[in-house]
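A quick write-up on the structure given underneath.
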Amino acid sequence: MHDLTPITALGGTNARVETIGAVTCSEVPDVALASVTARLGKESQTRTAVKKIIKADAPDVSRFDGGDVLAFWAGPEQWMLEAPFDSHEDIAARVKSVCKTNASVVEQTDAWARFDISGAEVLAVMELLCNANSRAMDVGACTRSSVHHLGCFVLRRAPEMFSIYGPRASAGSLLHAIITAMHTVA
Amino acid sequence: MRYSGFKVIKEALTGHKGWKSTWRDPEQQSHYDIIIIGGGGHGLATAHYLAKVYGEKKVAVLEKGWIGGGNVGRNTTIIRSNYLLDGNEPFYEISLKLWEGLEQDLNYNAMVSQRGIMNLIHSDAQRDAFVRRGNAMMLNGADAEYLDLDQIKKEYPFLNFDDARFPIKGGLAQRRGGTVRHDAVAWGYARSADGNGVDIIQNCEVTGFRIENGKCLGVETSRGFIGATKVGCAVAGSSGRLMAKANMRLPIESHVLQAFVSEGLKPVLPGVITFGAGHFYVSQSDKGGLVFGGDLDGYNSYAQRGNLPVVEDVCEGGMAIMPMIGRARLLRMWGGIMDMSMDGSPIIDRTHIDGLYFNGGWCYGGFKATPASGFAFAHLLAKDEPHETATAYRFDRFEKGRMIDEKGMGNQPNLH
Amino acid sequence: MIINHPLLGPRDSAEFVYLGDANLIERPDPEAETAAREFYEYAYLRDNPAGEHRELWFHEAGDRSWLVVTRNTLTHEISDVQMARDVARSKGRSK
Amino acid sequence: MNQINRLKGGQIDRTQTLNFTFDGKTYQGHSGDTLASALLANGVRLMGRSFKYHRPRGPLTAGSEEPNAMVELRTGARQEPNTRATTAELFEGLSAQSQNRWPSLKFDAMAINDRFSNFLTAGFYYKTFMWPAAFWEKIYEPIIRKAAGLGSLSMQADPDAYDKGFRHCDLLIIGAGPSGLMAALTAGRAGAEVILADEDFAMGGRLNSETFAIDDASADVWVQASIAELAALPNVRLMPRTTVIGAFDHGIYGALERVSDHLAEPAPGKPRQILWRIYAAKTILAAGATERPIAFENNDRPGIMLASAIRSYANRWAATPAQRVAIFTNNDDGHRTAADLHAAGVKIAAVVDTRTDAPRSHGYEVLQGAQVIDSKGRLGLTFAGVKLADGSMRTLECGALGVSGGWNPNVHMTCHQRGRPTWDDSLAAFVPGGALPPGMTVAGAASGNLSTHGALQTGAQAAKAALGLKGRLPKLPSAEDAPVSQTPFWYVEGCSRAWLDQQNDVTVKDVKLSHQEGFRSVEHLKRYTTLGMATDQGKTSNMGGLAIMAELAGKSIPEVGTTIFRPPYTPTAIGAMAGRIKGMDFHPTRLTPSHYWAKERGAVFVEVGNWLRAQWFPIAGETHWRQSVDREVAATRASVGVCDCTTLGKIDVQGTDAAQFLNKIYCNGFAKLAVGKVRYGLMLREDGIAMDDGTAARLEDDHFVVTTTTANAAKVYQHMEFVRQCLFPDMDVQLISTTEAWAQYAVAGPNSRALLQKIVDPEFDLSNEGFPFMACANINVSGGLRARLFRISFSGEMAFEIAVPARYGDALMRKLMTEGEEFNVVPYGTEALGVMRIEKGHAAGNELNGTTSALNLGMGRMVSKAKDSIGSKLSEREGLNETDALNLVGIKPLDAGDKVTAGGHLMNADGPVDAKHDQGYVTSAAFSPSLGSMIGLGFVKNGSDRVGEKMRLVSPVTDLNVDVEIVSAHFVDPEGGRQRA
């Protein structure tokens, strides 16, 4: 084992959690991510590989699916695979070993910072953050959207819980946007 | 009729009975020596200089709607000559000099107000670029002044010096820059041209060109055919539409640029300020409204209206640099169509069709160029050779690789 | 404006970056004898119509697809949206 | 009871008395009052001054169309100019000041303008103030500017926050009057997602101001029941205090919600206002109608109001502008005001009706076929002069006069996409035209259906049509359905100083003068007279002006046409349009992986795009930034330095055609680059000008990592996707940005290898043979952590760039510092980075300025002729290949003490100093600790052949004029031995 100690996107050693009114925002650092993009003409093989990894059909446009390891749609013939960090820090290598040369696999773990927002007023917070029609998203829906000029992924994981993946370097700005919205709603 | 303070007093005391129409409403003649298509600022200025400086007697301006109804009627009124490149700077400096003598030339108060323009600087790279530009201006005989942060703070204490995301580091000022009452420019040129014998024909839409054997013989209009020895097109914004009638494709796209005015406020801003780290520039009109603008909407459009994202983007820039305007209200927004050229610079040139001349591609710098554009186009039409300050504004510069690209954005018009 | 993305459905145009005329897909053959002239026309001359305009938009804050949007420049009405990659292939572009 | 003009009833809450001040004097009002209603209740009619003549003014209206009663609301940094007293909700402690007057509202010295009004006619300023030319800015204009303007800004930063938000709905209903409520009930009951927005704080629209019955009860009962039913529906969202400001393309509406304006200040953490972007599949405009005045001589005195406004004040706010009120009308609606006031106990002086067959009343006198021809009263109306049907004159004593010229449907939003309204002869008014914004229908008074029944019916119909609901209309509540007939009566014959635009002081006389002088199109009229350009956007004035213009031109009103209706519907705070995007949040901030460590080290940061980067790292005793930077450069060149270069864009390129793809986007060749090697690449735009530069590292046969400059990362990625999807759609290549995934540090200097050998796991050979210049590899560091290593150099020293997953970047930096102690390692910032790259002659952003070609950059030969790449063809144009083209060179002062200034221009040593003789310019400059003088990079005409030439560097704008020598751009180690060591 190497001896380098990680920090979270917000610069801490522990994940930040903020509760304001009926909404809680939690930093979620312990996820591993890898993008999988089908090579030209290898779309069905790639879908098969994704299915094998997440134990569910490769999700359709604007959907996510899976269990412990989950995939969300990220672009045409492109998925982001998400897994627990502790068990899957080497996610890119593992995915690559399944996809072989059928897909281009890129480690994305530290490209993103994830915040989970939950609570009774979560929809009111979401509609101050981005233009995604969050009320119409059902559980299992995901989309790209912009939060205060930051390109993000938005996933509805439960009726009262959304995940926002934003660019890691701007995690502080993203959290600030979320918290101001939570204050407005509270 | 000559305008003066004395005349105003005399008319006030005699019931304003003596004021005459500012221009005639003439019937068109069957043939003119020169027809200018477009009764906007540039077309009317061209007519004025053709008649007054070049002594042309048979000149007509054809206007589709009402004169001054294009971009001269909806812009942010700024004049300046703070250009970088050799192809541009002498031209805009001539323009500024013409502005400085405009009211006396026209006997019309267009309220040329040289309260200065300040370009704010927010990074070292920007400072380097602005120093280069300031030097280019001075080497061309224009005025420029570099201000450091302390000088900016003294002159503009209301800017955001406290929590700016991109702190102000200095500024490049042109004290001779300023604003002009834009409608009055069109009216003043129209009145003068009319007084010098130019026929201004409103509600006369050009529907086609009569071209035979590579020569333009005149124009088809909603009022019938009008013959001409030379036809000059000055319809920036609609150049693509008009020149398509002569089967020309241009190095130009039409884009919408929005502009904004706030409710009237007691004096706040001395001159024009441009924000260097966002899309925002602002001045205050004599009536008290903050007149401001920013970036293009970014897509081809002839619709003369824009959309919310750019409105918000511009106001974001305003709040970032000048957070005291938060409680001032945006009164009106409007959109003008810009002839966005492929290098951000205009074209004043002959076309490949004999007798057909073109003036356009002004991007959103057309208003400040009005006098020089008119002067240079008049020169071209009268003498058949480019004016010395406009020699670079040729069609062939793109094919030959001699672009005049102030912003360095290349062949993507919406980035200029 | 709203662009009806062929995969994602209606999306705010603020998520996109605009490039210009969709003819930019039709890059000339650099080997042609008239390539110099063709590249000049390709890079610099535009129809710039007042009416229906086929144009390129990039879904930067979305799925990174380039789209060919047919939009009326007088009314902004959008009548058709296609994946630019499909359009390029239909124009015979390949490698 | 000091509210002398307070009536009984109304919708105010008398249990809550609120204290407020106007011009320093304290008054009381009630919850539910507006500032205007409370002032009227207190007997105050004078609330403002007009723009040009400074005439005394009171409210004309009871709503957002108000031109006159504008105040500065609140004090200190929250001072808010031009606030309409007619819409400002009263709150405890409200403080308002009158504006545009000096020294006081009652005694305004500028009112002298009114005496000279005959000289100050429309457009007079275009005809004078021209001599001498210099006097305009110095004398005339300052006086005009000082006199002009309305309210004042505080000149302090707005202390309040604003939010933006996004809502989606099946149906947006604009206006919650009878038609809007009925539409919302119809759509809401059908289960549609509905948003009902109204600018007022109380929904109900005109019903709040009337004494109508609905279903045999007071209309108020139906309104409250409807609101309650809608509020209980989960699919309906009620948005009171929300003005829909504009109809934008494809069903996007801007809407401003005033969250806290009815409070003294927003609660902590709460916004003052929210700008909503509403995405509506369908929209019903139910914006009602605005009453129009009749112009007559001196029709602008405080107390002269729209008749419907007086009715609103009486019925809704239980306030009357005076105890004795007259009415001037040309239609039946004016009589409603008289009847309601009469019922409330206000004395009706008379109803003056232009119609000879006007209805009679038992309660008060109706003067048929009569006209108000003048008024009296310096600071408020005292008498109205009436010309009776038989031509005789009569004077009515009255403190208020309600004027009704009929109603104009509020068509504004139907025209926001440049549609034009059409003329309805039966209403003598413009009604919505054919070309509405797509998805919009219009209901109620806005569509010209002026009765309550008509409003309810068209509201229900519109909702059904919008949602495609089948079946019969729901049963409508019964309501009045009085026939409406409006005949045009715009102004009283012979009037002259009869105000059309009360705020801008445009009178009938001005319109006539405008016509006389040839300003006859409606746009010319507006611009020449300023009619309709005031803060009310002509809501009460434009029609009158149009009608007079039409008459003078011998045309009909529709032939004259309207000016263009533009957003916003009512003026909107600039702060709200910006939302949270201001101050430090103007742009998101991007932090590098070593940021927190650098902050601990006391680094000075600089904004580079959205990134914050360490600029230099001062140590104890250093008092000037140059000391720090010189030390960092010297230490790096002497031993080893570390710099965070994570900000460079990183794009992962994979696929079997990856190499072929890079061959297209770079002008130089990549097909033959070996796995494990890095190559510098220059990317051109299609026009042959340099777009960006960087490196591409071939990690595997089908896998490259491309770097871009920090500034161009997004643009280059977009360009690469364009080339991939649009130009070469069948190339097997996949792109994804990985910029932020990796923490990447440059480790530079003669001891860089030695330092890295302590970090990189021992199985990797870092020797020059094992890992030569321009090598790259996937490696492990620190005992097994995956990492990437590139042997590339920006500084010219032996150097590496090492990358680890971003979360470990902080730890890696700390480790480099600890392990480097024995080599006296230094961290260096962007300044030292810049100095070293200038010393080495590497082009960067200042050189790649969007106008420079490969030839200019000294890389002309890199443009491969053997293959096609983006930009290669157009880079062959003659203008880009001239013999005296600019070339990148180095610049050195002859006197080592002289300054070299970036942005300075280069002139021949003995030639003239002017633009015509310009030889080039300096792009970058820095003090070089290695050379002991300032040095620069720049472009000089034919510069490659002029090395060794003496030239003059001038920068008049910074007052510099020095002698310099043109030298090679490679100041340090021109042979490149160090980076290969």
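By letter and in written order, the chains are A, B, C and D; residue numbering begins at 1 in each of them.
Here is the rule we go by: contacts are C-beta pairs under 8 Å (C-beta built on N, C-alpha and C of every residue); 3 or more make two chains touch, one makes a residue touch a chain.
Note that this is a predicted model, so its numbers are computed, not measured.
Enquirer: Which pair, B-D or A-D, has more C-beta contacts?
Expert: When A-D is set beside B-D, the one with more contacts is B-D.
Enquirer: Roughly how far is chain B from chain D, going centre to centre by Cα mean, in whole Å?
Expert: Going by mean C-alpha positions, chain B sits 23 Å from chain D.
Enquirer: Cα centroid separation between chain B and chain C, in whole Å?
Expert: 30
Enquirer: For chain A and chain B, let me know how many angstrom lie between their CA-based centres, rounded off.
Expert: Spacing between the chain centres: roughly 49 Å.
Enquirer: At which residue positions does chain D touch at least two other chains?
Expert: As it turns out, chain D has residues touching two or more other chains at 164, 248-249, 252, 277, 279, 417, 581, 585, 587, 589, 657, 686-687, 730-731, 874, 877.
Enquirer: Quick check on chain C: which residues sit in contact with 2+ other chains?
Expert: Touching at least two other chains: 1, 12, 14, 19, 40, 43, 60, 64-65, 75-76, 83.
Enquirer: Which residues belonging to chain B are in contact with no fewer than two other chains?
Expert: 303, 307, 399, 411, in rising order.
Enquirer: Show me, using the given definition of touch, all chain pairs that touch one another.
Expert: Contact pairs between chains: A-C, A-D, B-C, B-D, C-D.
Enquirer: In the complex, go through chain C and note every residue touching chain B.
Expert: 1, 12-14, 18-21, 37, 40-41, 43-50, 53, 55, 71, 73-76
Enquirer: Which of the residues in chain C come into contact with chain D in the complex?
Expert: Answer in residue numbers: 1-2, 10, 12, 17, 19, 24-25, 27, 30-31, 35-36, 39-40, 42-43, 56, 58, 60, 64-66, 75-78, 83-89, 93-95.
Enquirer: With touch defined as at the start, can you tell me which chain D residues reach chain C in the complex?
Expert: Where chain D meets chain C, its residues are 248-252, 277, 279, 417, 438, 657, 660, 686-687, 714, 718, 721-722, 725-731, 868, 872-874, 876-877.
Enquirer: Quick one: which bits of chain D touch chain A in the complex? Just the residue numbers, please.
Expert: 161, 163-168, 193, 269-271, 274, 277, 279, 580-581, 585, 587-592, 595-596, 610-611, 646, 652, 654-657, 702-703, 730-732, 734, 736-742, 780-786, 804-808, 810-812, 815
Enquirer: Contact residues on chain A for chain C in the complex?
Expert: Residue list for chain A touching chain C: 61-62, 74-76, 78, 131, 143-146, 151.
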